[in-house]
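Both complexes shown next keep subunit A, but they swap its partner, so subunit B is in the first and subunit C is in the second.
Right, the complex of A and B next:
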């Protein structure tokens, strides 16, 4: 019986109850949200690429921010969107929101734009606008490249797109200075790359959920994309660049401690495995 | 009561209800899952009408008298002949049309998407001075970036050569290269998995932040004092 007790302990180290791990994680998250111990945030090259691309947009050209996300990824894509809008307003670059999919992106991005625009005294239709949710994926992008007003017809509020002052003279791809794709969906960036960036050379940047970001590094390396924001980390780096710490900065503080917990749990699990193996050999 | 408060309460209850799945499979989390699916489907229908069909189809057809738009839904409805043996050929007509369009679009998308990748893989493997627009490349950059890139590219590609047995001198060399490629792939998968963990935790933090800040922070003065 005495020999069985330490073996049980080693086994338990490898098989911590799921509920116990969830509880620990929840405690760490709540602790760091209430009593934050800030960690330094230094912008990466991919984030700087997005920031520089926004600042390099020539006067008179429009930035299109493709808001292809919804509530399921808002913790990452939402702060990315807000930080990108801050960068646009600070650089005095007009932007238009567009949603290819999912439909809820149009409303969620609009709410964020209204809140950020208020801080800069920016006006709808002059400094920014929302083209709304346009169904059609490739067809929409191909059509936008040739004739923007005819493709859109109306904005998010149902008003004619031609009634917006900032859309005066905006005709086709030549009037677009940058497209920023913010998404939690795979295969939407490929549409912009294949039907706009590739054939017409319009610069492209992106913001992705951390899950999908590794798959898009090759496009940054090949200069097909000017840069990208990687999850909440990318959003926090952008917030640092626009000197406007927000939700992502807070999330990343918590994130760092949550990662330390996961690393500790991995070490504990492996320690249990090594102890059990060592015990078995004896 | 302010409608905003109702919305926050509904969102908080839905969040807690869905997280109930962490305890075990239960009817409450199922209920909120179904509510979410129903809401998404309803929202999709409504916004597709208000943002797309109304402006691009209904208004031109009814108000501007472009009556030919009536054929658009008729062509779309041909899909439903898939349920009829007699008129299946009509469904095939419209499917063929869509297959053709999709194949053509894919073909057009493929080259601008992947050709620059091939071009970008041809990297200089020795240092060179600045020439015109091309930035000077030091040995540090070359070894750190380009050599590492090229070695990983070639070894990973060699892993996917399955038609050559790893026997004989050349075969064994290919085997070693493939093994290295396999290790590099494992490192890449590890990085992807790490990012996945980061993404999932971000989403969890986002929900906890909502519960503390927007929901409880509204009522608990101490939370509001802590910036919640």
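Right, the complex of A and C next:
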């Protein structure tokens, strides 16, 4: 009887009810959303790379922010987008939004741009514009390389692209100072690398969800990309750089404790496993 | 001759100036496409269809490859070769063909869900919800695109625009976000259940995972913030979790990812060549042979 009780305890350590784990996670998330414990955020080299690339864009050159995300990844890519826009407006660098996929990205990015532009008194068509959703993935990227106005034709609102003052003189990729790909989709960056960074040498930077970022470290390491924002962490670091703490900074508090909880759960599960294995050997 | 053909075509397909003209163009183009496809379907056997598809695939691949690799020269301030001018129309044709696949997808969905509803199969309510969502969202999205409002927008939006905002921002977005936010719960549960240190490799993987997980969040930096940033040749600073996490990503992850990328790229190149030259089995009606 004495041996049965510890064995049960060891088993229980390995078999916490799923509902209990969900409840713990929900409590941690709600606790940190309601009562955040602020922590210092220090920008990493990859984030500084994006920030520096924006500031280094020569006058007269345009920044293109490719908003290839939707609500499914907005918790990470949305704050990245907002922080990048803050950096552009602060540095007085005009930017254009473009969406290759999914279509909802054009509106989501537009809503964020409108909100940020208001804070800086920036004007549509002068300081920023939205090229809208363009269907065709690499075909669009390929066509833009040859002739930007002819490929785009109209903007997000359906108005002629040539009517926008900031588009005067923008012909092809040589008129771009930087392209920033913000995405939750794999393999979009490779298109930009192949048709923009390689042939034209135009700088490229990116913002990715944390889960896909590891695949793109080689491109930053080889300087094919100026830098990248890694998930909500990258967005929070960018928010720190532009001195505009927002959603990502709040998310990082939540994520900190959620990660700790996951680690604690893994440790508990392994403790039960090791105890049970030790007990079995005896 | 080529120039006059170009002029003739551009006159024939000049932009629509009115809604009626636009509708006529769209309907006419759809009818013409259906007619051409029906003629090809009836007129060609599987061998003919296969040869046609192979010819189109090879020509399209050759065109894009030549345009990309053929040397360019400066003409009127732009780098171009003899194919550059045709990239634009070629991509427009591709976009139209790709748009047809969307139509095909919708047709297939309507077929599957329509059958579910008509025969009242199990879960037919979900199929009905699909039809309702598609029709309502389609209608209000079109209305949102075509109803123009003043800039800045008025306090009260016209009914169709307001409805679109409610459907998109109030329903679609939260539903999509909520679906993906469930991942946090599943990952916590799955990591707890599946992550066991059964071998040395699993132990190493867990150690790396802990370092990266903590290095990615501010609490990791806070846990090791007492380690000095300078001094002792930077050794203590290296063990700060944010630095250790970055080291794992840069020095361990990068070479591994690079190796994978090379492998995938070579595989993709070989596969592309096989498709371009129609050597891949199981494509282009080959199963009918």
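The rule is simple: the second predicted complex is superposed on the first by the 280 of 282 C-alpha atoms of A that agree within 3 Å, B and C clash if a C-alpha of one lies under 4 Å from a C-alpha of the other, contacts with A are read in each partner's own complex, and residues count from 1 in each chain.
Note that contacts are C-beta pairs under 8 Å (C-beta built on N, C-alpha and C of every residue); 3 or more make two chains touch, one makes a residue touch a chain.
The structure displayed is predicted, hence computed values, not measured ones.
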Subunit B and subunit C placed together on subunit A: clash or fit? clash
(Q) With both complexes overlaid on chain A, does A:214 touch subunit B (first), subunit C (second), both or neither? (A) both
**Prompt:** Of the two partner chains, subunit B (first) and subunit C (second), which one does A:22 touch, if any: first, second, both, or neither?
**Reply:** both
Notebook entry, point to check: Who does A:158 touch here: subunit B (first), subunit C (second), both, or neither?
Noted result: both
- Based on the superposed arrangement, let me know which partner A:224 touches: subunit B (first), subunit C (second), both, or neither? first
Using the touch definition from the top, say if A:143 reaches subunit B (first), subunit C (second), both or neither.
second
Q.
Looking at A:260, would you say it contacts subunit B, subunit C, both, or neither? Reply first, second, both or neither.
A. second
Return first, second, both or neither, reflecting whether A:197 touches subunit B, subunit C, both chains, or no partner chain. first
Should A:268 be classified as contacting the first partner (subunit B), the second (subunit C), both, or neither?
second
*Now for A:45: first (subunit B), second (subunit C), both, or neither, which partner does it touch?*
second
Residues on subunit A touched by both subunit B and subunit C 22, 25-26, 29, 72-75, 104, 107, 135-136, 142, 158, 210, 214-215, 218, 221, 230-231, 233, 255, 258-259, 262
In their shared complex, subunit C is touched by residues of subunit A numbered 16, 18, 21-22, 24-26, 29, 39-42, 44-45, 70-75, 104, 107-108, 135-136, 139-140, 142-143, 146-147, 150-151, 158, 171-172, 210, 214-215, 217-218, 221, 230-231, 233, 236, 252-253, 255-263, 265-266, 268-270, 273-274
Per the touch rule, the subunit B residues reaching subunit A in their complex are 22-23, 40, 43-44, 47-48, 50-52, 54-56, 105, 108-113, 116-117, 119-120, 149, 188, 191-192, 195-199, 201-209, 212, 223, 226, 228
Note: in the complex, subunit A contacts subunit B through residues 19, 22, 25-26, 29-30, 33-35, 72-76, 78, 102-104, 106-107, 132-136, 138, 142, 153-154, 156, 158, 190-191, 193-195, 197-199, 209-211, 213-215, 218-219, 221-224, 230-233, 247, 250-251, 254-255, 258-259, 262
Within the complex, subunit A is touched by subunit C residues 64, 77-78, 80, 84, 87-88, 91, 94-95, 98-99, 145, 168, 172-174, 176-177, 179-181, 184-185, 187-189, 191-193, 195-197, 206, 210, 213-214, 216-222, 242, 246, 249-250, 253-254, 257-258, 260-261
